[in-house]
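Take a look at this one; I'll ask things after.
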Amino acid sequence: MELDEITISRAILTAQMKTLIDHMELDAAVVGAGPSGLTCAALLAEKGIKVGIIEKKLSIGGGMWGGGMMFPKIVVQEEARRLLDRFHIRSTPYREGYYVAASVEAVSKLAAAACDAGAEFFNLTSVEDVMIKADGRVSGLVINWTAVEMGKLHVDPLVIGCRFTVDATGHDAVVARLVARKGGDLQVKGEGFMWADRAESRILEHTREVFPGLIVTGMAANAVAGESRMGPVFGGMLLSGEHAAELVISRMKE
Amino acid sequence: MELDEITISRAILTAQMKTLIDHMELDAAVVGAGPSGLTCAALLAEKGIKVGIIEKKLSIGGGMWGGGMMFPKIVVQEEARRLLDRFHIRSTPYREGYYVAASVEAVSKLAAAACDAGAEFFNLTSVEDVMIKADGRVSGLVINWTAVEMGKLHVDPLVIGCRFTVDATGHDAVVARLVARKGGDLQVKGEGFMWADRAESRILEHTREVFPGLIVTGMAANAVAGESRMGPVFGGMLLSGEHAAELVISRMKE
Amino acid sequence: MELDEITISRAILTAQMKTLIDHMELDAAVVGAGPSGLTCAALLAEKGIKVGIIEKKLSIGGGMWGGGMMFPKIVVQEEARRLLDRFHIRSTPYREGYYVAASVEAVSKLAAAACDAGAEFFNLTSVEDVMIKADGRVSGLVINWTAVEMGKLHVDPLVIGCRFTVDATGHDAVVARLVARKGGDLQVKGEGFMWADRAESRILEHTREVFPGLIVTGMAANAVAGESRMGPVFGGMLLSGEHAAELVISRMKE
Amino acid sequence: MELDEITISRAILTAQMKTLIDHMELDAAVVGAGPSGLTCAALLAEKGIKVGIIEKKLSIGGGMWGGGMMFPKIVVQEEARRLLDRFHIRSTPYREGYYVAASVEAVSKLAAAACDAGAEFFNLTSVEDVMIKADGRVSGLVINWTAVEMGKLHVDPLVIGCRFTVDATGHDAVVARLVARKGGDLQVKGEGFMWADRAESRILEHTREVFPGLIVTGMAANAVAGESRMGPVFGGMLLSGEHAAELVISRMKE
Amino acid sequence: MELDEITISRAILTAQMKTLIDHMELDAAVVGAGPSGLTCAALLAEKGIKVGIIEKKLSIGGGMWGGGMMFPKIVVQEEARRLLDRFHIRSTPYREGYYVAASVEAVSKLAAAACDAGAEFFNLTSVEDVMIKADGRVSGLVINWTAVEMGKLHVDPLVIGCRFTVDATGHDAVVARLVARKGGDLQVKGEGFMWADRAESRILEHTREVFPGLIVTGMAANAVAGESRMGPVFGGMLLSGEHAAELVISRMKE
Amino acid sequence: MELDEITISRAILTAQMKTLIDHMELDAAVVGAGPSGLTCAALLAEKGIKVGIIEKKLSIGGGMWGGGMMFPKIVVQEEARRLLDRFHIRSTPYREGYYVAASVEAVSKLAAAACDAGAEFFNLTSVEDVMIKADGRVSGLVINWTAVEMGKLHVDPLVIGCRFTVDATGHDAVVARLVARKGGDLQVKGEGFMWADRAESRILEHTREVFPGLIVTGMAANAVAGESRMGPVFGGMLLSGEHAAELVISRMKE
Amino acid sequence: MELDEITISRAILTAQMKTLIDHMELDAAVVGAGPSGLTCAALLAEKGIKVGIIEKKLSIGGGMWGGGMMFPKIVVQEEARRLLDRFHIRSTPYREGYYVAASVEAVSKLAAAACDAGAEFFNLTSVEDVMIKADGRVSGLVINWTAVEMGKLHVDPLVIGCRFTVDATGHDAVVARLVARKGGDLQVKGEGFMWADRAESRILEHTREVFPGLIVTGMAANAVAGESRMGPVFGGMLLSGEHAAELVISRMKE
Amino acid sequence: MELDEITISRAILTAQMKTLIDHMELDAAVVGAGPSGLTCAALLAEKGIKVGIIEKKLSIGGGMWGGGMMFPKIVVQEEARRLLDRFHIRSTPYREGYYVAASVEAVSKLAAAACDAGAEFFNLTSVEDVMIKADGRVSGLVINWTAVEMGKLHVDPLVIGCRFTVDATGHDAVVARLVARKGGDLQVKGEGFMWADRAESRILEHTREVFPGLIVTGMAANAVAGESRMGPVFGGMLLSGEHAAELVISRMKE
């Protein structure tokens, strides 16, 4: 059989267009494909929930690839080790309670798990705004190609609907800030000073629905709450992602 | 137990320094973590060969994340489907002989396989030059942080040794061009016009040792040979990565 | 009826995806939506030929909007006046044989005519390469979003097929140079000095099939031929676009 | 007759200088050549009103060329369909009440209509400031070449007079913000969250004279009022442009 | 009398348009308003010759403002001192044969002299190309706003006619290089090493008609001839400008 | 005599160093070499006052070179015509009370006059800060090379003393803003809307000592006062410069 | 012996890793390697205190290299001369009480002294944040490669512990501002106007512990206090560095 | 005594101007203040030779600050250790024949030695060209502020005379390339592949007078000769600097 370029192009267009049309209305939109977003999306999708992960960059993984100061290793504390195991990420004990893993492996395995569970990725896609109608809930996301912003092009966005939005965009807390800036009843306090122990121990309580329909997770959760900054440790982010998934699941049952 | 930031920092530094010192002399250095490089590295490492993957960007995956024109799907032809299966990348038939997979899944699964097999990743690392001594072989790589170049800093590189180097840097064929530009007996002809069928059918013969110690794979192989350009199809790249691994293995036995 | 954002987004996606799939194989691909490209496309489409216009910018019109030195007027000589009339572009005589029109009107009316005739526009789309197979003809275009290049993103292109390609990209002669640079039997000589009278009188003979399947028109035609540069006058470009259309039509009958 | 470059250059200079001198005092200055500005200008000029359209970019059309997320289609709702018909823009029903048109055709036909009606375009021209004298009305615009700003050149502006100014600059609401920033009794609240239905149903009441002599239209109207954001739908913008024209006409009769 | 902005704007437009139309055909076009260009233009205009000075920057003066290494003084040797005196530029002897003047005064007085003599300045104007017709002479200049290039705008140029062109653009020798690059029988050799004495003593012989209709002066003359580089001394440039004027005058009498 | 490069370099260094040392303490420092600064400096120096003009750019002249919208003509009203005459700037009446001059001539003649009167120019020099000691007066300027800022170099400034400082930096009112930002009892209100007649008629009263030792002139005077914006007319700026000179002279007599 | 590149690379990695691990907990972290930081670090290390100097640039020395306005000389007053002598920096009297030294020598000798005393340099390292735990003290610094910021890379930092932090970052007062911005009880008032005598005489009292664990020195001390700006004189900075060292020493004894 | 800013400024200007005037004619100009340039300059000045070091950056030290890959350590082999000792740079043996030193200490001590020996530093100064007169020797350097190039300013250079020039600009071999590019009888071959042992053993023979009056040292010597690239080891550079000094000394005796 001779390979045909036009057929290949058609295959790509047709397959992705089907994916797009199928995902214009989501149960949960996870914004940001870093450690907490990937964890949350994987666990949600495992439950059969329709999940889309919206990532502004070309690649997923967020700040995890570079480890600490470009030394590509991450550290996870005891409590979160079961999540490493669940996603088949190998780790080595450094000292009691501290486990070291390779950052490339951590990203790859989390993303692979999200794929296997059925989450769909929309990379190179930015969230410009949110949709809030009469019920006062975040019920959709106004999205655009990231390349449009990079090229400073004047191009209008499209809109996807979602029952729940999970803001997993790190300390920028992009979605929460959008809501706050346009007058939503929500304050983004910004991270405090570095204090890993406190930050890690409080993150689960900060992982919550901060505005109707909008749940924050990972560093975004702490940033909204004005909590201390997390150290170069990822356990809290994984646990927070897990907690965000639980919240969405329980809210969807209501 | 209270989490301690200094301990976490020490854990990262110590672990990565051990990795670095352990990998200053490699059996095979794979330059470029796109589809052919990841395939090659995974298959080499599976055989117990000491492999390091050197990637200039923060994230691995190369041009695969964006699919075709930012529609994140890839197409693979019949012959390469067994490699998708081997790496647990799910695919859907589009038409006889054409299989569609999600690009995020493809990157993640390939990288996860390389990690599991024992390949080590050195991301954010650029190859500035090669080491060629009296035996006329490429026997080492002159590397630096990519951030040094991005920040236009005047900082000297370090050197790692390697018995074999695999240039998997895409159509730039970075290592091959370095060798050619400095007078090595090697010509990089550059890709020809788009002609997927021809490009895919010839890639295995172009995947070869083009200079003592230097094997080219994927788009780099075709670029060196002046072969036609591959279409938006990834089968040949996976097969070429597999073939490069076989070449290194057989050469190491000599 | 209540307006629904998701429905609107689906409408846009569905409509354009249909357009894309329908136009993956064209009779004629016109590259560049300046005066000669628009004229050519309008006249081709009028004859029922399936025409796609590929324009790298967001807006069409090329260098016509700015008139001469940002004074938005264009001048057309006697011979080309009938084309102004045909496209309902109003003009005023300046002196015998010289007619002045408004540049915004000229662009709008040409584009409107192309639309009405059935030509389809693909703006924000760049041509990265051409497809040339065993028959040695330009039989397809390798395209990508212009935004990919602007954002310096590493994203692969797609391919569309076309029986004939019209290079209407101005003095850059983008497609012709791509062919020449990769070794096609074609030389792009570049424009000569300014000499309007000569340039205008020779343009029709330079409007020709310079490589199997590739016709050049407008400033691209003169640039390939090494002809004198045209002055700030647009008659020759319109006439050249008309001639390119005639060539395609007659070649399609063969 | 031999074509003469100097004559051509003189023709352009002379013609445009006449246009400039003739339009130093306008009945209505429409700032921004997007959908609402073009609609408003076309309808005003049809009534014999002296209209100048000031557009900062080289090309007119604003954000319309790129459709939604670079898919060049626009959607218009039932109420605005008669304006599509009026300007000969073809549309296809997607679902009851939603009509899809091609964005290139929409821009071209609107601009062609404005030209035919007698509106004059001043592209590549930015509004730096407004003229407000003793009567407290916006009675002129302080304009400069956009290229002056792009080149960061220190060059002074000129001034054109206008009885009415229509701010059709989209959500930037450029003129309104200029007035507000310098202390005029006017507040620009900025767009709210996305809520297409509400935004479209309120736009006509927001299309009004917000400061003596200054009428806002299209997205600028909603941005001044702090109204919800419009979705990727253009009906409201066309209707708002029509309403702005009606307001100017009725105010000019006073 | 009340000042009226519209009248002021009209006055500027009308006056400059008259100047432009009057100067579309020049006896001599001097390109570059540095020391040799200003000297040449002043002396030509004094003889009643119609001179236009085309300067790409906003301000005239070229490299003279900054003196040597930003110390705003210039040095002139004995032979050229009479030209300083002629233009009322005060100087102080440093040592026998070396006179020091202030650079701001030197520029201002040269420009004032050119104005008084009747030369017309076209600043912010770049030369993009030359016009060469059947007689093989440089008979016109293809000009554009410098801002067009700075803003990377796609805008076409206009053309002015000139019997003689003086290239006074410094070591870039802009016009000469344009002619050479497009195939004119002219070679631009580029400046040699620094050797002030030789460069100054040879400049008058290099100030000559290097191509029909094109005279080079100042550093452009030495750059075309491959002559040694001039030191931070301006005498030769003034004398060369004077000589260029004499050449134009004598050629015009032919 | 043979020209010697080292002697030339020594001549420049020696001459400028003498100028610098001689001008480390000024009677009046005029900051900004636009129309009002040049007028003020020329008139001050004529009276034997030691004046230094500090200009951040390489060339002097400010916004005057470009006329209005790059049409290099300026307009001056009746009242200021005597200043044109005084500086030998030729003008042509456009209509009663409006005189047009060429902008290049205007800059050159003003600068030539300032030189002849004995003012010293320090171009390429920026004012970073002011010196204010126990007496609460601006008694010196903290200056640096403009190139230091352009190159983002970390280099400390030097200080020159001055009895009076004239801020002639246009609507930026650089010195006044420095004083205000650091807590001096001075408010810079910023220009109002365009209203030439009012702006021109009030400028003389705004030209005053706004802080001990600091006089504002030209657009800086109106900007500090929150006055209307001046149109493209230069009379008020010349008159304001004259008035600033008178103020300094009378204050120095105290 | 044959030189081996891999051994050299291992030597560098091993040596620096040992240095890093040894210095993860410091007695005193001096941020900024300008004159006050170097003085402070040298004097602390002489006492056997474990000191790390964190410098964001590649080279140390701060603003000292460029002297005043790129004239590489510095001036020191009488009181500080003994510190010049102590560090073997030669100086020449200019006038009574003013001593001139070469800036390159001053930087080199200060740095050499700090090295000899045992201080360790961490250049190319930025401080992103501080660590403040339950005791409310600055007890650590959150650091990253400066190249990470320059390359706009998303890479997480590491943390080093320190009993005392000395902010010697000049008028930016980087650490103090970080503390203030995140809500620490500390106000950074910013430098006042230039008044060298006052600034120099007050600097010692401003050199103090402004927040638990954080001492400010040099220009940072004056910037925090809102003190007058120092002239181009370095005595106060050296004396302030000395005083900061004394403060740390006395506080460590507590 | 009260500190006076004007006196300080005068002290800096006067002192540096004296230095400049005194050094307009040098015995030896060393271009580049990296390891070989500093070594050469220190050893030359020790012999009473008048040496100026011209460094384009603000700080001296070249590529030495960053060690290898930003790990600030350098390695020196056995042969060069005596030079470390001579300049009081402490080192630690890593393995037999390999010594490790801190890079900040190495730079500081070399620079301090050059200062103590009497060499004068001209930092922020670029070499634009060379002076070559009738005798065909490099007899001077055409210099300018580096900031002029950074700010893209059009400012002329000055010239300093020198009997010998030492090109110590690293692999760019700036001066040698200037000579070669302008036609001097000299070829710069560029570095070969990395091969530390060979590069180090050949560097002394490549350290030679490559053109009358021009000696190359350090990496510049190897780059001119086309020699292998040196590893991250500094011994050869120090030895080469020593050898260059010996060559200049012996040549000066001729």
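Chains here go by letter, A, B, C, D, E, F, G and H, matching the order in which they are written, and residues are numbered from 1 within each.
What we mean here is this: a residue touches a chain if its C-beta (ideal position, glycine included) is under 8 Å from a C-beta of that chain, and two chains touch if they have at least 3 such contacts.
What you see is a predicted model, and the numbers here were worked out from it, not measured in a lab.
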item	value
Residue-number overlap at the chain A/chain D interface, same or different (half cut)	different
Pair joined by more contacting C-beta pairs (B-H or C-D)	C-D
Whole-Å separation of chain centres (CA-atom averages), chain E against chain F	28
Between chain G and chain B, distance of the C-alpha-averaged centres to the nearest whole Å	43
Separation of chain B from chain F, taking each centre as the mean of its C-alpha atoms, in whole Å	62
Rounded Å distance, chain B centre to chain C centre (Cα mean)	40
Overlap residues in chain F, where contacts from two or more other chains coincide	5, 8-10, 12-14, 17, 58, 65-70, 124, 131, 140, 145, 147-148, 153-155, 158-159, 194, 196-197, 231-232
Pairs of chains in contact (touch as defined earlier), listed by label	A-B, A-C, A-D, A-G, B-C, B-G, B-H, C-D, C-E, D-E, D-F, E-F, E-H, F-G, F-H, G-H
Contact footprint of chain E on chain D as seen in their complex	5-6, 8-10, 12-14, 17, 20-21, 24-25, 58, 124, 131, 140, 145-148, 150-151, 153-155, 158-161
Chain H to chain G touching residues, read off their complex	1-5, 7-17, 19, 57-61, 65-75, 77-78, 88, 90, 92, 94-98, 100, 102, 104-105, 107-109, 111-112, 115, 120-124, 145, 147, 194, 196-197, 200, 231-233
Contacting residues of chain B [partner chain H, same complex]	129-134, 140, 142-145, 148, 153-159, 179, 182-184
Chain D residues within the chain A interface of the complex	62-63, 65-70, 190-198, 229, 231-232
